[in-house]
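Please find the structures below.
Shared between the two complexes below is chain A, which pairs with chain B and chain C, respectively.
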Partner chain A sequence: MKIPIIERGFIPPDPVAPDSLKGIPRQQTNPVRWKGDSWQDFVDHLKADGVIIRQERSECAVFDTDSGGLAYGLPHGIVRPNSAEDISKTLKAAQTYKVPVTTRGGGLTTEGESVAFGGLLLDMTSMNNVLEINQETMTVRTEAGIFWHQLAEMLRRDGMDYLSAPLNLTASVGGTLGVGGIDVNSPRLGCSADQAVALQVVTPTGEIVECSETENPELMERVLLGYGQFGVITEATLKIRKFSPITMKYFYYSSLRTAIEDLQFIAKEDAADYCGILTIIDRAITLLVAFDSDEREKEFNERWRKKMRGHGEIGFGIRMALHYLLHPWRFKEALYIIGRRLTLFPEFSRTEFMRDNKIVDRTVVFSRAVWKYWGGRQMVIPDLSAKAEKFAEAVERGNAVCRKYFKYYTLYCVGIKLRGRLPRYEMSCIPADASDIAYGCEFEPMLKDMDYSRDHLQAFKNEIYDIGVDMGLSYYRFGGMMKGYIRRVFPDEVVDRHLAMKREADPAMILNPDVIF
Partner chain B sequence: MPKTKSIKKNKKGYESCSGCGVCLLVCPQWRRTSSMSVTRKARARAMQAGVLPEEIASSIDACLVCGSCEPACPEEISITSMNIEQRIRLNRARSKYPSWYPVPLKKAFISDNSILRRSTIVLAGGSGLGQKTCEHIINLLGGSKKAGLAADDGRDIAALIEAGMVLDDERIKYFLNNLRYADTLVVAEGILHLPLREWLPGKKIKGFGEALMDIRAIRRSLGPEDMYIIESRGYHSDFERLVKYYDRLRHETGCQMNLDLQRIAIPTGASSLQARHNIETAGCLEHAKWIMKGRRVKRIVVEDFADIKVFQLITDIPVIHISGLI
Partner chain C sequence: MNRVKGKYDVLIVGASLAASACAKRMVDAGLDVVALERNILPRHKVCSGILSPRGHRFLIENFGPLPREVLHEPTSCRGVTFHFPSMISIPMDFEGGPTPHLHRKFSDYWAIKSSGVEIHEGTSFTGLEDDGKMLNVTAKQGDKEVQYKTHFVIGADGPRSRVRHSIYGDYNKSIPWFMVGQKFQRIIECPLDDDYFHFWFHPELGHYTWSHARNRRQILGVGFPVGGNLHTYHARVEKYLRDKHGVKLEPAEEMEGCSHNFGPSLINSYVFGKGNVLITGQAAGFFNMLAEGMSCALHSGAIAGEAVVEAIHSNRPVQEVYRRQIASEVKRCTDQWNPFRIIFGNPHEADFKASLRKLSKKEQLIVIRDIVRFLKIYAPYKWGRQILAQSFMRIIRGEYPSSRWL
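Showing the complex of A and B:
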């Protein structure tokens, strides 16, 4: 693979966004498929090294797209590693033969980041063993290809739980640590990547390295939130806690800004253990608040509840009824909201997941709902992440874009507690100007039973991402699109420094190409 | 005349699979092998890309037809039916079958008038329940005037369905003929629950678990120190109803169950055709070990008689069939 040398400070033509002409729809362009030079030599080398490589059509086809369902590409072959040694051998050979290597966990990217456009795909899900649960240090050591749900299953046998993870059953630990990972308890506990206390990493040149905040801390900081550029995470030590069911409360708003202000208030005052906003279009805005213990709930009720400006369900229902009585031409919208409310909310309180009015296994409850009501063969979820002061405006502008492009959509907003100014936050989902708590919003159109062209979807995403450029924000689930936006969002000095580090760590630039570099 | 050509029309097929992978999390073969290739997700994605069943034969054959993936699927694809339909397609394209495949026998059709007027008929299936146990079950279900044990329990039909082989309409007709007056069928073969519901609409189709747990004395004999093993195929075939039923049971008795965090019953696969051929190569022992990992119980109670042997092989804890609770 030929990696063009980019002069410092020079921005090359980009097919995605910056150099497009005004008025012409911008499209995502899949990276050019790697041609396969030296592939057979690479395969022979790996076979001689005892690494099993699968090239059958039936094996490769499984990975032809990601959750986004917009980017399609096929690897030349797949390695399903059993150990860090397998990965080490693979990456060493890949450097020698200059074969691109794409790592993949749950494949939950939405911009093609975990799609291999030729070359080798590392299916990390084969490395899914939990190695040790230590209740003295309250940590778990696990192989990084494990899905969070598998980890939860293991931890629960010991009455334990992880701290925070994406509300998605099939996100992998390694993939999540590489991008951040947001939960509704992130305003309190931070992103999933901040749970990691130690990692085993295979560098792009094949060295197996242990790292933590004290051992090889530079590598640790590069790998966490590093988009897979600086190594493959093979094992992770994560913080854990005792499992507890949660009590959930809902506050309903008709104003986005008011709901956001209340969300930020709760996060700032640490008034709840979990909080987030989930909307039906921008009419029915729900602030979810939850608690791990009765004490925390009691404290909330005594100190903070009266400051919440949201309504209860009945009060909100009456206001909505009045609103739509005065706007009868919007009755279809009202029917949609009612229908959505009637189907979605009972999912959050299914009897088999409730005990004494508490939700048991909240991740399962939410994840199942996410896949059932938002999932599909295409998922378009651009997002923005901002410091507290800019967040409300960012969401309002993003909401206006949603309105322009789609009839029905959802916004999901949550806070992310920061651990000071860690190097890992640089050029990541964490906005450069954020301190203490950053905020993120996902903009997710409802695509089920709707026919939208790829151009339409891509134009929508670009318009959301452009808000980020305009306001100096970041994106908390970015990836493939970052290649087009990276130099628009981050200063050249920062991008060039990271590119130089990448070149040093990965001389042939083979690991996860086209994600951000 | 009941429809016997297909078990159930798919609401959605593999083309609807979004690749979310939730089915994979509950797949016992995935848990055992960590290989994406053996999963329902992989088969669906491969077929979306135009791969033929012959090319994924080993994956299709690996499926234990436990039904776990179906209730887990957020797209509500009828995965169990889809798995069997894929076996049917694969069988059409091949001449050599796995060693565990059933040999279709020309079975003598039995007209069983002795049970014809019973309100409850027990189909003990090929699970290995002895005559004595069956009589005990009949007594528990109200005695021989109310309940009867079917001589033709349809185990051959269950095996053919599981293997994706051709069902003979005449055979089905005779099988169903004996069951036509019953209100309730207590069916050991979980794989028969779904087709029986379709073939005999209006009849109550229950597994041993539900039928016997309706008896208060049996329910009362379960406690927090029991590990209760739900038969997975029947449970998953009527998941929306039974998940609530078993949740109430768990709440009421305090017993532990082979349910994962999604409330899917973790199967041992002991009743699968593969396991009837070889319990070890089918992975039953590993599945049972996972079920028992971290559990502190004094007794294991199973709905599926075939599970007794599996748990006895991996633990010293006493294992009994549910009918042995009283």
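Showing the complex of A and C:
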């Protein structure tokens, strides 16, 4: 019996029936390990070129999965490049010997995008130097393997800050630019990828190319939000701003829809510098707003505060107490809320991070609190991204799915300012029908001390993603789009056009081959 | 003379779908895994071959698009038709669309090869011992005895699991056993829709009676308690189908049968192993309603593999990890027999209640009466109270109690 080899990006007709699985062109999302043909020739070639390659099992085993923990695979070897030249030599050899190359920064993908199913893993974290902080142009030039917290640390020394970054700061800059990157200030400042003004990219065929919106703009548009398909980002020039401590306020809601409407109101009116929703349970929802300056806070208090329908902490606490007095059989739920209040909220105002009632470094505070108190070791965070009009329905449907699978979960909702309709947004995390501000929601089960099978978690994620298919949405932040869904969400014409561009840029289809095609 | 074949991280006994899914999870994570298969591959397997849509999806997502060779003709099954003694028939489409009609000889071979596991064919597991550091597994290759050293053993070797027997010697005597047999007959005339799998709720025909088309022949199958005579049961079914449904068939060309541990999944009485020995698939007792065991074999097998990977990663006892992770599959499988889930939910992949509602009120009552009469033939096994007790526990605790698992 011969097992057929399927060409990448091609989905053969299902021999079962044309309408099998309701006509969904499902794909192998848990790929077969690359067999290793020509691996030794490739290794010899790289060694002769002076590129160091590690093949020890102990080295490779470190990278056997990503933060999602649902896909596992082992590379045949690892290169930790010291320069763009190292990557160029690696990719040229990979084209010659047809060796798959998977790039990895912080490994914060959730669907196995940074897992190497055989072949070479390019561990980009070795390229982590900040090259220049320019306060005249208000930009920073950095190597792309740097983690956001390392970049933040360097910028703080000069009193500077990046514009927006993912809340998990162990994401790498390069990886984030490849998929999006959302912060609580994204309703004002857009996604992280939109703050890149110039990039150095090694193309899949090994050319080292500088690109920006004026120099090689087509490559720039392909690489940003491009899932690592069109090149390896080696350096990035990002916009920066002056660092400022922030003040934060909370509003509490017992209706998810009302909280979402207020979030959208704030984003639309540009009423706050930061805003986002974090739910505790379905009837305890927090809308946080924060301000970079006293003036902005004052303006909010004078103009917008009275329009907020959320309650203050005391008022909400009384309402909750009354509710649970009337529903005493739900006492465990009440205890859970109290427990969360007592453990989580002090994290946002720890004395070492506060000065004059302001959070001195939101980067540290948010990142620390979010990853300590939400979810668990494993990042199971399916998400949906929608235009404003569809967002509330999408969140409510996703919330119902969470309720079906888990007892406790949290939702994180935030807006994303768009820069018009840039080519980079096509087939990306940005919904095709969104304009001005898109909205995203993460659905995150509380997995601490829990053991769920991968199938249970994947079934949960798929049910969230299926809402996206049904409502014509997209997915944001971690990986953006999944291989199993790309042809369900986007028309074949769009996917085939991108596949043709990929084939032209990467003739041997070796760079990040299992991510979307 | 004994020969030591080698050291492995994990040794799987079996090379079917559960073994393939299990192997795939562990090979992907970089473990050294070997699968022992007593036959030479590809090997024959007695099975209806009708996989559920959930199982179909698992195969595609983990092993890739199905090659045409792994399918029988017709290649798909659109759904199930229930037939009742009152001559009411209820066709139901699978919610996920038509599902594969697998040729188990080749589908299992394709899956195990695709998993990337090292396979030792013609190697029968004979026993295991724990020396305190590793598990020593003995097996037979022809008339030679061979030995393996391994950290974990996975028993994915079907209802009459030898691995299970090696650690629970009396288990086979403690559960009721059923025979299922099917005969293949050329069709003279068959009004049964060949897009569907047909099942009869008829207490006089057998405990489990089915028919479907395969490669221009009709399969008539029947299940009954061990000790019964296949030919007697089969003749009764053939006559009934001829008289009541107009099914005219030529004499049987082939027949086959095997025994099944139908029961543990109904009453939440699974067997998951001891220490570093895990039992999975049908060996553990997984069996969906209508005896579709493949999708739960795939998923439980995968969970066994995941548990080993997770146990190694987190340095925890593998049984603890496995038993916590397998809870979702237990829920999915046992829910299918849970009367509360059937009445108030939809635990199956075809919507029986919606199809039932299409009948008149009178017909609905007749169908329910027929089902109750049919279920009475299972009374000697005293499963009814156990099912109800487990169903109540499911309501109270949100899951089935693990205390009943071996």
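Brief remarks follow.
Just so we're on the same page, the second predicted complex is superposed on the first by the 481 of 517 C-alpha atoms of A that agree within 3 Å, B and C clash if a C-alpha of one lies under 4 Å from a C-alpha of the other, contacts with A are read in each partner's own complex, and residues count from 1 in each chain.
The criterion applied here is as follows: a residue touches a chain if its C-beta (ideal position, glycine included) is under 8 Å from a C-beta of that chain, and two chains touch if they have at least 3 such contacts.
Everything numeric in this text was worked out from a predicted model, so none of it was measured.
Contact with chain B, but none with chain C, is seen for A:372 once the two complexes are overlaid on the shared chain. Judged by the touch definition given at the top, the superposed model places A:64 against both chain B and chain C. Of the two partner chains, chain C is the only one that A:451 touches; chain B does not reach it.
Of the two partner chains, chain C is the only one that A:30 touches; chain B does not reach it.
Looking at the shared chain after the overlay, A:152 reaches chain B, while chain C stays out of its contact range. Common to the chain B and chain C contact sets on chain A are residues 57, 61, 64-65. Listed in rising order, the residues of chain C touching chain A in the complex are 24-25, 27-30, 42, 53, 56-58, 60-69, 71, 75-76, 78, 96-101, 106, 109-110, 113-114, 116, 299, 302-303, 306, 309-310, 321, 324-326, 328-329, 398.
The touching residues of chain A, counted against chain C in their complex, run 1-4, 6, 11-12, 14-17, 19-23, 26-30, 32-33, 57, 60-61, 64-65, 71-74, 117, 407, 450-456, 484. Considering their complex, residues 16-22, 24-25, 34-37, 41-42, 45-46, 48-51, 55-56, 59, 74-75, 243-244, 247, 251, 260-263, 293-295 of chain B touch chain A.
Across the interface of their complex, chain B is touched by residues 54, 56-59, 61-65, 67, 69, 80, 106-107, 123, 125-128, 147, 149-150, 152-153, 156-158, 169-170, 351-353, 355, 361, 364, 367-368, 371-372, 375-377, 379 of chain A.
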